C-alpha cells in the first residue's frame, strides 16, 4: 500500500515549490512578470494576480480553488502584460495541467509564442466543485472552507458540514489524466517546475456511460434541464482560454446568425454551437462551469466532445506542439460518417 | 393598528387571495438558485433565503422583453402595442436593497424630461411591493454604506419581518395600508412582536461590518479618470457580464428585431446588455470609444459611483454584494473601492514629500 | 404617456443616390398619419431613430429642414446591417421613425451671429438642414453671414449638389467647395478642408462655427480656427455614437455622465474638452 500524502500537505508542497520557482525566474530575469493565483476575498474563490517583483511572490497561492485558466489572459494579451510599445513581456504562467495544455494548444493555433512564456508546472491535485458545494449548502452563507484529512470542511455562522474531497472535485478533475503541464523535447526550454513527460493520453471515458445509455429524448431533456437557467452573461465564454474570437458567432450581426435572448432554444443554440467550436480544442479545464454564476455544469458536454474527437481522430488537445487539431486541418483518410449519423 | 401578524403557514392563504388580483411574484428555488418567478403554486415560495441570485429587477425589467410586435404585409406594417402594462403586479418577499433598486430604476427611467421609459414606469406604478427585512445579511453586504439598511422599509408598500414562526406585517405606503385593511383575517401584532422586530433590525444592522466611505470614493473619482489605478483594477477582469446582469441597478439593454419570415410577423425586443462587453460601444464604422478592458471596467465603477451621483444625486449601488461574491475572478468591489480610496492618500503623500 | 419605443410610420416617397460610389442615399419620408407629422417638431441638428420594421433601427441625423414642409429626409451611408437594409428599400416601403432626438444646433443662441459651416464628406446632412433653415426667407434676417466650407475626397462624393449650386448663386451665402486632389472639370478649390479654412479665414467676431466630418478633418479644421482666434465656446461639433434607444435609457452612448442621445449630439468644443476622451 502506498501511503498517500494528505491534500493539505500536497497543497503546501505545491505552493512552496511554485513560489521558489517563481522567485528564481524573477531573480534571474528569465521573466518580467508572473501570472498566478492569490487568496480570494470570499470563501470558495481565488483571484488571478500579476506578480512583478520578487518580494511579492509570497502572495502566490495554490489551493483547490484555483479554477481560472490563466492562459485566458494571454489571448488577447492584456495591456498589463505588454511593455510600453505593446510587445509581450516575458511571462511566467503558474500552470496546472490544463493551463499548460491551453498554452500549448494556443501556440499550435498560433495565438501565442511560447518564446515569451515560461510554463511554471505544478502537479495539480484537482479543483473543488464549488458550485456543487454552494448548491448543497443552499441558503446559508459559507464563511470558511478548509481541507482537513481529505475532507472539505465548510463552516458558516451556525453550521458546519464536511464533504469527501475526492467526491466533491470537479467532474473533469476526477477523470483528468494530465495533472501537470505536458512536457517533451520541443518544450524543454519553456517548461519549468513540475511537468509531465507525456505523448498520448489513455482514457476509457467510462464516466460517460450513464449519459450515453440515455435515449435521444432523455439526452435532449438533460441538455434543456442543464442549460435552462442561463442568463447569457457569457462568463463561460469569457473564461474559456479557447474562446478568443474577436467576434463570437453569437455577436455576429451582419447578418445576425443566432438569437441573443434567454429563450431556451436560443440558449441551447449558443451553448451547443460553442461546444462544436471547441471540438478538439477544449482542454478540459472546467473553467466554464466553475465561473458560471448560475452554477450550470457543462462538463458532460465537454467530455462527450473530447470522447468523439479521441475516438475519431485519436487526438487530445494541448499535448504536443506539432499536431494541428482535427477540426483545423484535414487528412484524405479522415472518417466522415459523422456527417450523416451521429449519436 | 397597521401592524399585523402573518403566520408562516398562512402564506398560501395570502397567495390565493392576492393572486386573484395580482400577478404574484416571489422567490423560488430553481436548479439551486433563488430567483423571482411568477408563482403558480404557493408551496414553491422560498422565503428563508439570503438573497436571490438574479435580482428581482427581472420582474419589471426582464432579460428579454417585447417592446412591441408587428405584422408585415408587403410594403405595409402593422404595429401591435403591449397590452399587459396595466396588469397588477405583486412582488412578495423582496429584500430592502432590491426594493430600493426598483426605486432607483424608476428614477433613472423617468429622467430626461418627457423621455420616459413608460414600459418600466407603468409596470412599476402597478406594482405592490411586499418587502422583507434581512435578518442575516451576508458578509459581502454593505447596504449601510450606500444609503440603505437591512430593514429599510420606505421602498416597500408592506414590510415583513421574519420573527421565526411568523411574520410581522407593517403597512408602509397608503397602497400597502389599504391592502392590509382588506386582509381582515390577519391577526393584530402584539407589543412583544414589534419589540422583537426592532431588535432583529438592530442586530442585522450591526452585523454589517463592511463599511466604506462611498462619498469619498465619489469625490476622488471626480479627478481620477486618467489614474493608473484603473490598470490595476481591471487586471483580472475577464469581461463577462456577471456583475452587470446580476446587479439590481444595471439597466443597459440592446434592441433587436426578431422576424418570423414564414409568417410575416415579428417582435422588437430588448435584452440585457452590459458595458463590460466590447461590442456594447462598437460602431458600424469599426470605431470603438471604449476599446479596452481598462476603459470598460472604469466605466462600470464611474457609472455607479460618479456619473450616477452627478446626474441624479444618488448612488448607483444598493450594496447587495452580488457582484462581490459572484465575480468569476473575485474582482471584489470592496477591494476596488479601497484602491480608489487609496489613490488620494498616495497623492497626499506625494504632495507632502 | 405612450410606449416610447413605438415608431411613427412613414412611407418612402423618393430615394436619391447621392454619390458616384452609390453608398450614400437620401430617402424622403412622408408620415402616414398627418397627426404624427404635426407632433414631429424638430430643429436642425436633431436626429431620429429610423427603422425598417423587422430589420432594426439606427440613429440618423435629419437632413431636411423644418422649413421644408410635408416630408422629412435622411441621408444614409451603407455601414452596418440596418443602414445596408435601407439601401435595399424601394419607394412605398414603410419606415418607422422615432424622435426627434437630441438637442440639435442651438438655433436660438445663434441668432444675430455669423454662421460658419465646415463640413467634410458624408457628415453634411444636419449642416444642410441648418443652412436651409437659416437661409430660409422667414429666418434669414435672424442670422448674419453664412459661410460654408465643404470638402470631399473627390467630386463624386459631394452631397446635395443641386442645393449647393443654388446657394452658390445666392449673394447672402458664401460657399467654398473643395476636393482633396485635382480633377478634370473641377472648377472649385483643391485641398484639404483645414487649408481652405486657413485661406477663407472666417472671422471669429460675433460668429459660431459648426464643424462636422471625419475625426482627422475636425481636428485639423479646429486647429486652424484656433489660429484664427476662435474660442472653444464658439466651435460646435455633432458627435456620433452607437445608440439604441435615443432617449437616454439603453446606456451605451454615454461620455462620462452625459448621454450623447439626449445631452448631445451637439456639444461645444469647450464642453468636449471637459468630457472624458471616450468618443
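In order of appearance the chains are A, B and C, and numbering begins at 1 in each one.
Everything that follows uses one rule, which is that a contact is a pair of C-beta atoms (placed from the backbone, for glycine too) under 8 Å apart; a residue touches a chain by one contact, two chains touch by 3 or more.
Remember, it's a predicted structure, so these values are computed and weren't measured experimentally.
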item: A-B compared against A-C, more contacting pairs; value: A-B
item: Farthest-lying chain, centroid of Cα atoms versus that of chain B; value: C
item: Innermost chain, taking as reference the mean of every protein Cα atom displayed; value: B
item: Centre-of-Cα separation between chain C and chain B, whole angstrom; value: 39
item: Chain A and chain B: spacing of chain centres that average the CA atoms, whole Å; value: 32
item: Centre-of-Cα separation between chain C and chain A, whole angstrom; value: 51
item: Per-residue overlap in chain A, given as positions that touch at least 2 other chains; value: 256
item: Junction residues of chain B, two or more chains touched; value: 254, 256
item: Where chain C touches two or more other chains at once, by residue number; value: 80-81
item: Contacting residues of chain B [partner chain A, same complex]; value: 29-35, 46, 48-50, 53-54, 63-64, 136, 138-140, 231, 234-236, 238-242, 244-246, 254, 256, 258, 269, 271-272, 274, 277, 279, 292-294, 324-326, 328-332, 334-335
item: Chain A - residues contacting chain C, complex; value: 253-256
item: Chain C contact footprint on chain B (complex, rising order); value: 67-68, 70, 72, 75-77, 79, 81-82, 108-109, 111-112, 114-119, 121, 225, 251-257, 259, 266, 268, 270, 273, 275, 280-285, 289-290, 295, 299, 302-303, 306-307, 310-311
item: List of chain C residues in touch with chain A within their complex; value: 80-81, 84
item: Chain C - residues contacting chain B, complex; value: 1-7, 9, 11, 51, 53-58, 79-81, 83, 90, 92-94, 96, 240-242, 244-245, 247-252, 254-257, 259, 262, 276, 278-279
